[in-house]
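Read through the structures below before going on.
Note that chain A is present in both complexes that follow, paired respectively with chain B and with chain C.
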Partner chain A sequence: MTSLRIRRGGRAPVPEATQGLVLHSDWQRPSVRWGLGGAQLLLLVLLVVGGLGPILWLAKSAITPTQDTLIKPIAVFPHGVDLSNLSNAWTQVDVGRYLLNTIEIAAGSWLSQIIVSTTGAYALSVLRPKWGSLIMGALLTTLFVPSVVLLVPLYIEVVHPPLIGGSYVNSYWAIWLPAGASAFNVVLMKRFFDNLPREIFEAARIDGAGPLRLFISVVLPMSKPILGVVSIFAVLASWKDFLWPLLVLTDASKQPLSVRLPTIQGQTDLGVFLAAMLIACLVPIVGFLVFQRSFLRGSGLGGALKG
Partner chain B sequence: MAPELEQTDSTFTAATISATRPARARRTPLTWLRAGGISRLLFLAPLILVFGAFSWYPIVRLVLMSFQQTNLVQPATWVGLQNFSEVIHDPLFPIAVRNTLEFAGLALVFGYPIPLIAAVLISEVRRRRGLYSALVYLPVVIPPVVAVLLWKFFYDAAPTGVFNTILGWVGIAPQQWIQSQGQAMPSLVLESTWANAGGTVIIYLAALTGVNPELYEAASVDGAGLWKKLWHVTLPQMRTVMLVTMILQIIGTAQVFLEPYLFTQGGPANSTLTVMLLIYNYAFGNSLGASYGEAAALSLMLVAFLAAFSLIYLRATRAWSSE
Partner chain C sequence: MAAIRFNGVSKVYADGTCAVEALDLEIGEGEFMVFVGPSGCGKTTALRMVAGLEQISGGEILIGERAVNDVSPKDRDIAMVFQNYALYPHMTVAQNLAFGLKLRSLGRAEIDRRVRDAAAALDLQDHLERKPKALSGGQRQRVALGRAIVREPAAFLMDEPLSNLDAALRVQTRAEILGLQKRLGTTTIYVTHDQVEAMTMGDRIAVMRRGVLQQLGTPEELYTRPANTFVATFIGSPAMNVLPAAALGIGPDSLLAGFRPEHVALGPAADGHFSFEATVEVVEYLGDERIAHLRLGERPLVAKLAVEQQLERGSTATFSVAPRSTIFFDARTGAASGAPV
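Coming up: the complex of A and B.
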């Protein structure tokens, strides 16, 4: 990502006219204007129908009487609006509690990922212990092990933890702590720290700042962009997670919405169920619309890193 | 009292050492301490503890478990390769492998070209590019459980189902979707492509802005038109990213679980039973008692296959991806 930025920043501004795939002069040609412009318009229509459509449909159906949704799923409010679905989702299905559970799980997972990735990356990038490369190697290895295949040993570890004993089924710690073991976060964070100017660290050291002070007052404040990106993806991943909470949270009152939704589907009125689904999407959608820039930058950054 | 004493004592020793010897001559616990060893260790502690407990240890445990029989009550016993042979001789195993290959293959056919075309089109949009990016990424932020359950409703096989209604407008008869053996897998792939394509588009968009404009300029000077530039500049410049997204997609789809689990539970007639679903069924879905050993053995086989595949893939495409 940085190499990309440097390359772009270091280039002298050259007249726009001859650079880029489709030139200004190309746009003057009718074939390009109609062909490419038409393709772009078609894409926009497809995106609105395909990307936005299902969500709009969900929003519409959440406030439509169930019978209408069942008989004429596409019709827009043939017999008016039924807001009771939303309130029923709150009272009958207890969506509020599961939403709170989801938030609690996401908050803990976020904290755990931020603590592990910032302190670890700081140690590896700035303090640089002798055996740092060994740890880095062990971290990179875990990138090649898909997390889902560790389900079985992790599950057994939670049910019968070695050394400490007991069982952590139905404890949020069983979700929070494993969430911290994301090598991707550490690598992303370390790359960012590696590119911070070393002179500032030296200056702080000369001013008498110890490692803790350097971390809290210098490195963290300079890392807000990457902290934002890691935070967004930590919360989003936790919000989207299904299989792991399903396995370790057997007590229904502790489950997040994602685990609860498939279970309640059978015994819930369709309209109420769709309202509950809408509520489950609202937080990530609103979050995306507010932090769109960070989402998209983070997503592109992930690709650049993987590349 | 005591700590104070200790402290003066240690400063004294430290002072004597540094006075009598050159500081770098030897590494002792004390020099390590003075060089900030403690703080390094403290900063690394969360990482080492969390990765040790929830990443490195489970990896080792997975390997051990695949050679053991364990029911969590009695101590595990070593059974050699028995777990592996049971998995291989399970009649469901070839079905799961074939279905997973089918899912990955279909996802590649549907899902691979679409994001690339979309990204090239979006990167040349002159106005409201942000709107395009937002729309394209929107399905990615929908929780997958909600997406699958929503699409499950869309796939209703009755003539009043959402998709069947839409097909009815253009005179196509109602389809069975996830209830038919032939259509279930493509239906799963369709939803999965919808849910994941946006992330790939954004990766391509980032890569497209990284293409050196001077290359386009040089091509223009040489008289290349739009199509030639697309073919000779854009695509070659995107080669590395395209190869990476392809392997990532293959690795991701090889682990597909949520779609078959929530849409069809592997049915109808095991037509959507995937490897991950089989692992889940071995460990958690069996009413006769969990076969953790078999689940671990199949997990290990999946990892080994993916690792071998990635290595071969990287080696095979190395010549092509580097200039």
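Coming up: the complex of A and C.
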């Protein structure tokens, strides 16, 4: 037991939890320190340049006069800052409205995905109907159908919905409803529910919870981590989806940014266009940074069970 | 408070395992009944059938006057304490205690009163606003108990509630549960595989083995009049010595003789006792007594002796047992039988 605390080099002991794959004592060796340290630095630089670079360039170009961006794309503010791009984007391109459209579409898609995946997974994992395994098998097989194959049938269904009549073209339902039909989300959610301890559900049933109460007061609050994951996937996928909204939303005033921006690229001043792009990117990035803490932390099961 | 009755209750799992077989048993109002037996004997299954968490394959369970076979768990008016506590991880202690009461739409004031009373009884007042993960094992265990007592149910069902506690805490909590049960007078079924727990806690004990009830009785009855060799060796520590009566020269081949280690005396037979010579293999010194592991021919034996009685390892000595401390069993069935004539 005490041997855990012995460290060479006389440094203060590092708590076990902070130890990485490479032992503290190994870091003391120069070859390890320089080799591994150098590799880490190189990786970090590559990640910053490759991942963060384009976004930073976009942010810079959005507030640079168009001429500067065209002539010296890499130079940092050769003739100062031009904030008018941002305001022009808002007024000329009407980014605000398309941003709202995008948010509305994303929110609806998110809601429909969450409702379908949680209730579906709850039924399959906890309530376990008689034909549950059959339904699960059917769900799994749909995972193997590429979405491109579904494009045409889905479009026909949206233009002429069976039984209901009418048409969903130019209605957000055309995006929200198909978004909910995601087998992947249900499977992901079911896997998570499967691993929740049954005894807690049993305790709740004895405490007097019916299926709905069990779902709302026990299962959902215990599933925050997976709800976070599905939410992030749902919002990001909806935010950047191009093809489907382009097909079903022909009315320009209803289109999201992802469809609108490419369409107007030709007629718009480059600086203004880049500013509009920046606004389009910023929202999900900020959203992710705000919510990641509450979504992605530990599973929240601590202390529920012993042994 | 209600009596619970098992009328020929069986449980066969989907895979064909027969976990409980034709169980007949009545638990009186306010009684503390312990189900005990080795691992896999069907104790948990029997308990879960009372709770309604497991379908009853055959027979009938009555709580009070009502057959509950088709009654859902929440309408059976029982509360269960799980082995791993099964607390709601996202709720504070107070919310954990109040959850069942809210679902039964009790008034705010009544809920508050019951939660406060339970917290006081279990010494949880200072932790009411904490989540389970911020509690120690013993505290979690008390929350699980609290969640049962706030409901003021007709019966408590407890499935090895102490098995995750360390030895000292287990003894203390054992006394607390017993005190609580006696004060509330609530009918209780308590499942354990620990015979010491069973003996110290139960008003009556049901000993089970492979799904079959072996004997039902008070701790004293089980100890002094075991129904068969299984109960005889399962209850009591060290276990009862069971040998062929013929090996001791006190009966025919068809009988087994059983006697408890504390009834073995060192020294030759006196006034009607029978005696045997055995080799001393190991002697354990326990401070107030010595446990001697002996060998009679090929058969191991255990004797509990006073500390003053010194025995050399490897030596041979004479031991004696009073006939009235000896119980006879049928060698073929293992069932208790009368003394040979």
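Simple rule for what comes next: the second predicted complex is superposed on the first by the 257 of 307 C-alpha atoms of A that agree within 3 Å, B and C clash if a C-alpha of one lies under 4 Å from a C-alpha of the other, contacts with A are read in each partner's own complex, and residues count from 1 in each chain.
As a convention for this text, a contact is a pair of C-beta atoms (placed from the backbone, for glycine too) under 8 Å apart; a residue touches a chain by one contact, two chains touch by 3 or more.
No experiment lies behind these values; they were computed from the predicted model shown.
Of the two partner chains placed around the shared chain by superposition, chain B is the only one that A:Glu157 touches, whereas chain C remains out of contact. Ranking chain B and chain C by residues of chain A touched puts B first.
Shared-chain residue A:Met222: touches chain C; no touch with chain B. When the shared chain is aligned, chain B comes close enough to touch A:Ser258, but chain C does not. Of the two partner chains placed around the shared chain by superposition, chain B is the only one that A:Val186 touches, whereas chain C remains out of contact. On chain A, the surface touched by chain B in one complex and the surface touched by chain C in the other have residues 210, 300-304, 306-307 in common.
Touching chain C in their complex are the following residues of chain A: 197, 199-200, 202-210, 213, 217-218, 221-222, 300-307. Interface of chain B with chain A (complex): residues 36-37, 39-41, 43-48, 50-51, 53-59, 61-62, 65, 70, 72, 118, 120-126, 130-147, 149-151, 153-154, 156, 160-162, 165-166, 194, 198-200, 202-207, 209-210, 212-214, 216-217, 220-221, 226, 229-230, 233-234, 240-241, 244-245, 248, 251, 255, 257-258, 261-262, 276, 279-280, 283-284, 292, 295-296, 299-300, 302-303, 306-307, 310.
Of all the residues in chain C, the ones that touch chain A in their complex are 51-53, 72-74, 78-80, 82-90, 99-100, 103-104, 131-135, 137, 140-141, 147, 151, 163-164. Against chain B, the residues of chain A that register as touching in their complex are 4, 7-8, 11, 14, 18-23, 26-27, 32, 36, 39-40, 43-44, 47-48, 50-52, 54-55, 57-58, 70-74, 112, 115-116, 119-120, 122-124, 127, 129, 135, 138-139, 142, 144-146, 148-157, 159-160, 177-178, 180-181, 183, 186, 210-212, 215, 236, 239-240, 242-243, 247, 257-259, 261-262, 265, 270, 274, 277, 280-281, 284-285, 287-289, 292, 295-296, 299-304, 306-307.
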